[in-house]
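Labels A, B, C and D are assigned to the chains in the order they are written; within every chain, residues are numbered from 1.
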């Protein structure tokens, strides 16, 4: 799917916002603005992963999806709460952040794709966020980088997140072949799944754009 | 799908209720009881076909599904209203018919399959009712039969219903190959679709059973 | 709901795009661009009204919603096909119009609100488009205006569309009191419905903005 | 809601199956048959609670619902796995248990109510199972009873399950007043919620009936 998304994947994972995280040039106001929007995003993203539990067909699929919901609600969102608290933004203020249109567009696209489609369609819409952050975190960690946003980099480059992404990836591989067989990438439905993945990736690009304009 | 449903298809289309419609031995009380339950059924079945409009991917798929919703609400349900009115059952009484468990089970199964799955899953759950009635109507019409339930037989054997079923059939064929390609019946997902079709067929059998026990 | 949406309603119904339709100053390229996006919009809007059929509780609610689906698919979308054909844009080209982000955001918001909420939430998300166009059409028709976009004005100011909107409005009124009683506007849920209506109205404003930038 | 469900609540919580658990007269074959069906039930019930995460409006609502999903998947279902393993029924055999119609009817009713309605409708469909088991467990524990099914009684009478039910109850109370205000029980929508609760309770009765007929 990543290969099929072409330049869009690069636009997402090499976005100016990401480069600003790497060299530390991203203004703190932009980072905090992004974190607040991302908190709102993660609320809807948790709901979308909960929908994956509803649409799963096997116990293993249910386990990976429900673990993700827990990880998002109990850990990733709490990281944002912590960083924002240090910057003087209360949990209530964080939760009351007005949703930016780019945020609304992305989350509703994922949820609607999930409601209207099946488990695979939903996974295709969820994958760019999960996998892209792992790829970005690892690349930033492994290259020379400023320590300004070290905590952010460590979160996504860390063993826990990387290991989690491998589990999600293995589950997606297994879910695809379980339903479509080994020749899945020759089927017309594969093109639809790739299109969903690509659209979600485009919405990631716009989310970074939004992050640069507090 | 019909072939894959094995004996269940025969249990449905050759059910004692159907034979009672053919030879006229079905008690009128059972017929009216069935019609009342079927009116409640068609309300939910219309909703399920409306869900097919939501889940469609092409204009043609939308057209067939929305035409079905109209046909159900404006024509098939009105036939039941007419027959019941002649038997002294008012439209209000008809609409207030308490739903029998076999009815609830079938309609909620179809709707839930549609919500949780994609367009193909929903079609697999809708097909046994649409196609089975066409097959039953035609068989009864072409064989020697009592004229007691002639109007019912004529409805489903008639050109309008038969032509409608051919359109639905062509749309299903096209929807399947559009998503899964020509080798669709070699894919694991085909087994899931056949299982959904078979479960819906089993629920048709139970619906006839219920029809015999007013 | 309109009153509760405050200035947003005015931003929508008195948008520069609308004034350009009125005085004829809207460039034809912008109008055709808008029509093409609106065709894509109407596909998803039809799906959302079909979801209203699924979520309806009464036969009347089902009838109004399914009539809307038909009107959209068979009439309003066909108007766009006709106007575009005159401008040399084929039906295939129209259907293949790449979806703009503002379009995606609006339609997925409506559909997701409908999937996650109940019938009332869905109606609150659908209402701004239906009602706003009636209000805009009527205002433009009754004031001095250029005849450049006369056909557009006549469509939404015409008896058919105005009468249809009165039916939708009566159905919404009835649906709200049927569920929430006469004191509905004192309930917390009313604030949520107004918020949904307002967000959809904001997305209408952005849709007009998009229309001005082919 | 319990009061509004009338005799149905008593039919459910004082069912012959329950009395057989209490005095130990329930045949072991019926108990194991029930456990296997309940395992299938809990799969779908977990999916329905995951849908509650999707439909929640507050972080607290999401937390209660997602904790329930985890509790069901990781604890309650594992209890069944353990008991069945002791009786020589492997995990694979358990997961492959053919679904009985009473089971299908109940779970698809709950899921469809949740998909078509909002968070409150879904909670009304989920509540009878959660709350009824707590009430049954406590009553059996506090009265004289056989120790044949002591483990089952202890599970639902235990502090962990009782405490969990209080959390769910507090969340439901809060969710209702948050949306409908303090006078919620005077609203027409309250009657609909009570009807959903009652139908789910009726389906619990039929589930116990099924339990008695392995």
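Basically, contacts are C-beta pairs under 8 Å (C-beta built on N, C-alpha and C of every residue); 3 or more make two chains touch, one makes a residue touch a chain.
Going by UniProt, the chains are A, B, C, D = Aminopyrimidine aminohydrolase.
Note that the coordinates shown come from a computational prediction; the quantities given were computed from them, not determined experimentally.
Residues touching across the chain B-chain D interface largely coincide between the two copies, over half of the numbers being common to both. Averaging Cα atoms per chain gives one point for each, and the point farthest from that of chain B is the centre of A.
Mean C-alpha positions place chain B and chain D at a centre distance of 32 Å.
Averaged C-alpha coordinates give centres for chain C and chain D that are 42 Å from one another. The set of chain B residues touching two or more other chains comprises 47, 54, 111, 115-116. With chains as nodes and touching pairs as edges, the resulting graph is complete, every pair of chains being joined.
Of all the residues in chain A, the ones that touch chain C in their complex are 47, 101, 104-105, 108-109, 111-112, 115-116, 199, 203, 206. Partner chain A is touched in their complex by these residues of chain B: 54-55, 57, 115-118, 121, 178-181, 186-189, 192.
Residue ranges of chain C in contact with chain B, taken from their complex: 43, 46-48, 50-51, 53-54, 56, 59, 62-63, 65-66, 69-70, 73, 95, 111.
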